[in-house]
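Two complexes follow with subunit A in common, the first pairing it with subunit B and the second with subunit C.
Right, the complex of A and B next:
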């Protein structure tokens, strides 16, 4: 068979194409464009302005940022729930005035004045919240009204008290610290911002109120329908917004100690620009503290920069306006095209050079009709019996695609009942020492069904790999399991990149996306043992009790993983160059092993596996129904021994009853067959097999 | 320049000429099971080239000319086309043998290879469709995958050299004489064209949903058209992948290529497409398939009137030749190894 070029081999070995798609599927990638803008803006003004990176300028900017970013956070909080708060500017001015009035005129101490100011501004937010949340007024109009009224109140108060305020001067070391001082080398207001941002980030991303606010912003009606207290949460978002404005007002007051009628003028537009520029969606439901902060830095650096460049007075707002337009445009395009882009780049086939397959025209793999006169069980009564297993009382258990574990009763296996309902897609099964049925559930994890039918979860997660971009701690496609003598459950997860029903896409990629995981019921701990396996599928504890055999389907080989003894942790190939794709592996009565071959390799596909570019274009250009697949319409069952010799094969040549065989189980002289795309179970008499042999006794000793 | 840019952007985005869409089977071409449900026909080994001679239907099977009562004639090479001359003599095109008329090979026709169809026009001249001047007939799928356009149509009158009526055609595969010229089915171009006596080419049908083969006159004054294999997006994709095609042709047995096929589903070495995965014991009849059976009746203006199908998983695949005579529609299922006798009137509205 021809080989791929060295260059192509190196390219697919060292350039991880699949990571691009994985990064694009992350939520935080939304921040990529705002962050890029941020870097560009800082770089541009850093070059244009002398002293931009000087300590003095940074400290000054840090102080301003502390105030401004708090206002942006206030705006972000209401934007997240799908609203808008135009009153932040006037509220900020009110906070500034209140703080100064309480300290300078009323003579309150600082510790009382600051909370009082925050509360006053919070009450303005509360009014907004009550009107918008409970009375269902329009956010835009309501906050516009508050903007005007609060501004008017501040102007009236200023008219009355401005002179008195400017006459007195408040002196307090803590107040000076707030205005001028540093905490841990950071300007005080910046330190406050850091604390608020951290708390806010945790609240939004990791707390119930935060998630609820997101849900309401995403779809207010759905949030209401699932029973969230929509009104209360909307109201509290506006209240928090008001309080943040108050805090910003206090910091401003401490820094400048002056109240003028232009305080906070136009601040709502700047805050809105910052929030949207950072990537917070005006529609609600999409936003974060980080986005607000990125936006705040961009806007502040730009407005200050334009000012310092000495451009004429209109140019500042002009730059801001254009930036806002640009941000909204990018936001809309990004939202619209992100999934399209992701769809285009997520699938990334890799280069696979398949070894020449063993012959199917002669030898152990010679096609025959030994499965032709199979006895059919449950035809049309079950769908997708991926695995079959029998207990000591000859009862036959199988999973179905409806998430049931169904069992058929001997002697004729005509009668059946639903043994347990787990959900998901039950796949590989095993009995443990206590006759509990351990089941891999595609889409859910590893579950246990007790003899009385009660279902309990064994594990649905494993340790997260440090370098994996996709979160691989959750189990997506637990496929087959077996139990070692010490009670540990070894199971395969076929792929971490796709959900169960997207397995053909994983076949198209043929990358090592899967792994073998070990769960120890004694400690409840789960950890990944081997990574980067090509669709690991069947798992079977070897006779020596020290190793586990597992199949790599798209790799067309069967491996051995040593789990104890001197070679513990090592993986070695047992059978390779299979002409088909191996699935479940189980023990045979004579000390050998059965392996289901779910489908056969076609030479045209083997060539395509060497050409990732061709497969990538195929995945993009034509519908999955038209893709070149592994030929899964015919398979066979093989028997092999510990040395890796294939001893025999059993075929259903015409594939009438068993087109895709995914499992087989020997029990008391019969071989039972299951297939994930099938609607029947088959059993065929084995001539030379021990008619008393059962798997459970073989694993756990004779019947107690 | 703009054209080159357009081609480039099309290829990048899969639009325009790079689009891989195939026409749907719609209207008169709506799928049915009429071929599959038809009464058992005459068992035959890869039959092709149906003709009627003196009221008796003949076809080619390997090196033999057959009728329903047994072999009629035999040649040394594989017979690829038959025709009845105006004087009633049988013209037999066989690989390596040229074209024999009434048992003798005129020297002018001795060197011809890959003759896919023969027909006589009203003036008595013999039209010869040569599928490929590069490959022998048996290598037609290689001709397809190499995107060859080396076919030609010749016109021969006894005692002269054949005249080339059209060349650089994509595997002309069927001939039908009409008053205004010869209708030719051009397989790789998926179209029907008409050549008049001066060799002027008119396109009659384009973008057919399958690869056309034999043509025959219908009793209604129109035509019968056999489409020997369906088109599919995967084929269209492979045709645009030169590196893959080269590697596949070099390494894979020709019968397991991704190429149109006369039959499928008999070996697990064949390429399988996703939709053809059997589920719950059933292969969907609309599954993507390498082969199918399709016969279409066209009216005098080459608008489809009715169609007969054998779909995915069926047996009567690879219809290469059709013939209507005496109220019976004969169809040679080369892939299904059967000569079918069908009722042509059932689908006429």
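Right, the complex of A and C next:
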């Protein structure tokens, strides 16, 4: 039989294939190509220009960047809502002129002139916003027209006042600080940019207006249909854009103190280039402050650098045009193929060497027909009862895939009602001391249903692992839970890499993606206890109260986790070499434990598990419905004791009545069976069992 | 018909046309000499190049694209051809080389847009920068302005000649307009352009060769830009490459969109461009006669444009439900 070599073992142990896919699925990877271009551009010009990194040059570039990046942020703001603002260049020139005119000619103080300028430019933006947001004009055309109008107005004003302005000279210490001074060692305009960028970033990523703007850019129609004030938000985006241009104009005025007819000429093109180069997509919905800043730095460094290289006239624009084309080409390709690449590499199977399974032809696992005469409850009335549980009044509870907790009433379990609607996909259940039903909800977390049916959240997050790329603080697939005598809830999360419906893909990987988590209702705190478990599934508090038993499904073993006592924190194997995939574990009346085997191993899949390359190729090349999956068509129930001896098994050899089992509960001489792909619950009478035993009293003592 | 129904008939094209007539009537009554045959011909002549460029832009805009590199292509290809002639290349060869340059550049633009999926706005912007830079550094020696040799030959008549008393630029503009109209109206590729502009995805699954068609559009606009450049150069006996840095490309877009051609593609025809061009022509001509300062002319022109699109948007409000995503 093929055994993996030491080399292969080491390779799959130490090379974290899965991290590539996880990094690719991160949102910030969007910026990878622009950032790379940024690094290359800075490195290239740093080498070509001798004093590129000198303090003087950096300070100069910092000042220019402060102005230019503000204009880029203005452009980004409107691009996010699905528009475009071509009037930024003219507006910038207007801001420059207004600031100088107010200070030099009108004699306003600086503290009044700056806000006034910002407001003047903001009003140009407001006009754009009213036309585009409320009258629904086309952004491109409208801002094109305002570009020409504002430019013409500035030209007219210049004709009239340029001479008077050049005669007077404004002197004020604060104005000098704005133009030439430093704040905390940073050039003033750069410091302004830092503040604006921080505020903008927080607004866009963490505030309601920002989210709304993104939603409108993503789909204006949907945003309108869910009732967002689309027009108002679009209008304010243009207003903000205008105000940012005004601010940039003020900084420019303070630095150069001159107004010429070529101020801000072509700035709209540069800002647009920067915004798109940074990765803000025209058409809206994709953009961020960081993207705009990256684009701004690239464009500024390139235009300045090409100028300073002193090439003959024309070479500068040529290099610029070529670089821009190349950068955008790479970015477009990257964006287009990222998802394809992600689909190809996200599934990363690992090497698993499954031990020889125990025989099912003899011994405790011998196939029998003890489940052939299972009584059926609620046939066709429920879907996917993963777990079943009974309370002291013999009422039978189960979850369904519709997110309901349904209960059936004794004695015949014909009558049923929806006990509570939780949502998600209710999986494992337990009763706590106060008879609250604690439920693991796939896709949501750990919830509690009080005896009167009120649903409350216990936890939906845990501490994030410091080195995990995937954000594993949210619970994706809480699977089964149990409660220790001190009231803490121990529950399993089967995988942190996949959503619930993708469980077969996790089986294909068979890596330790799951974990056991502990929630303490007394403190409300949740923390992860054990990581890197192979699809941890059923959880059951052991009789000694110091440990919990849990199943690792794809590992085909049952482990014990010590939670208190001398061995606290240790994990040891109780039963291994199971012939199938263990699911929920629950107590039996005689001091042993029941465990559901949800599906049986097959030799083909066992071999495939030793060949991760084969499984990887399979996941890349053929359709998911043709992959090798764990066989979940038939399973059984086993009983084992604390020493790990398997005592008996219950099968449905004909696979007619109740072959698929994910959970079982013993209650007063009956064994109730749940199965996640079933449309029924089964129950079978246990001959030697204690007819008065119930789980709740076993856990919490006899009824008072 | 009710007054409401009458208003419904007004779309942007008709509003602009009415505005043109209104202004025409206004100028006719207010400005003596406006209606004279000479002035009319001068009016047409002044916007002929803009009209030709507009028709070229139309071909691209109909397919949901935009070509910001037209002015750069026009200036550099023609300036290079003129320089070749003045350095001794035969006229025919020089023209073919100039046209070849324009076509190759627009072919590259088209390939970038159609096959590399670079957004048209950006690709043509970058190509404009590249073409200008490449031309200035490698093709054109000397100053920004390339003068036309006086003995250049028959081509001179394209800019300065007359046909039946009509200036040749106007004749050429009309011919180009007619040819493009016929192309769009009667040929299969012409209809394909509309289909692509309407819904590129649908066009693709109905087996229209979307990508080759996109390339064709840009090549066409490049060729038309070269023609417009020839007329510009021969009219004023020089080609100023600094025109690339002016607002001219914006004027071209305005002419196209003003007449009611949708920037989102599939809507409009040559007629719309003619209407837009006429409005600009009448406006500029009247204001020049009134001796209004150039910057003020710009403001008035833009305000009238704004008026036209606002009126259109009020009469035909765009519905939040039917608005196209990503339509800027």
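We adopt the following convention: the second predicted complex is superposed on the first by the 678 of 704 C-alpha atoms of A that agree within 3 Å, B and C clash if a C-alpha of one lies under 4 Å from a C-alpha of the other, contacts with A are read in each partner's own complex, and residues count from 1 in each chain.
The definition used in the following text is that a residue touches a chain if its C-beta (ideal position, glycine included) is under 8 Å from a C-beta of that chain, and two chains touch if they have at least 3 such contacts.
These figures come from a predicted structure and were not determined experimentally.
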item: Partner chain in contact with A:156 - subunit B first, subunit C second, else both or neither; value: second
item: Contacts of A:8 with subunit B and subunit C, given as first, second, both or neither; value: neither
item: Partner chain in contact with A:105 - subunit B first, subunit C second, else both or neither; value: neither
item: A:183 touches, of subunit B and subunit C: first, second, both or neither?; value: neither
item: Touched subunit A residues, subunit B compared with subunit C; value: C
item: Touching partner for A:130 - first (subunit B), second (subunit C), both, neither; value: neither
item: First (subunit B), second (subunit C), both or neither touched by A:329; value: second
item: Partner chain(s) touched by A:610 [first = subunit B, second = subunit C, both, neither]; value: first
item: First, second, both or neither for A:623, with subunit B first and subunit C second; value: first
item: Common interface residues of subunit A - those touching subunit B in one complex and subunit C in the other; value: none
item: Subunit A-touching residues of subunit C, taken from the complex the two chains share; value: 112, 116-119, 121-123, 125-138, 245, 247, 250, 253-254, 257, 263, 293, 295-296, 298-299, 301-303, 305-306, 309-310, 313-314, 317-318, 320-321, 323, 325-328
item: Subunit C-touching residues of subunit A, taken from the complex the two chains share; value: 82-84, 131, 135-142, 144-149, 151-153, 155-156, 159, 219-221, 224-225, 230, 265-266, 269, 272-273, 276, 282-284, 311-322, 324-325, 328-329, 332-333, 336
item: Residues of subunit A defined as touching subunit B within the complex; value: 1-2, 360, 383, 504, 599-600, 602-605, 607-608, 610-611, 614, 617-618, 620-634, 655, 657, 659-660, 677-680
item: Subunit B to subunit A touching residues, read off their complex; value: 14, 20, 232-234, 237, 241, 243-244, 247-248, 250-253, 256-258, 268-281, 283, 287-288
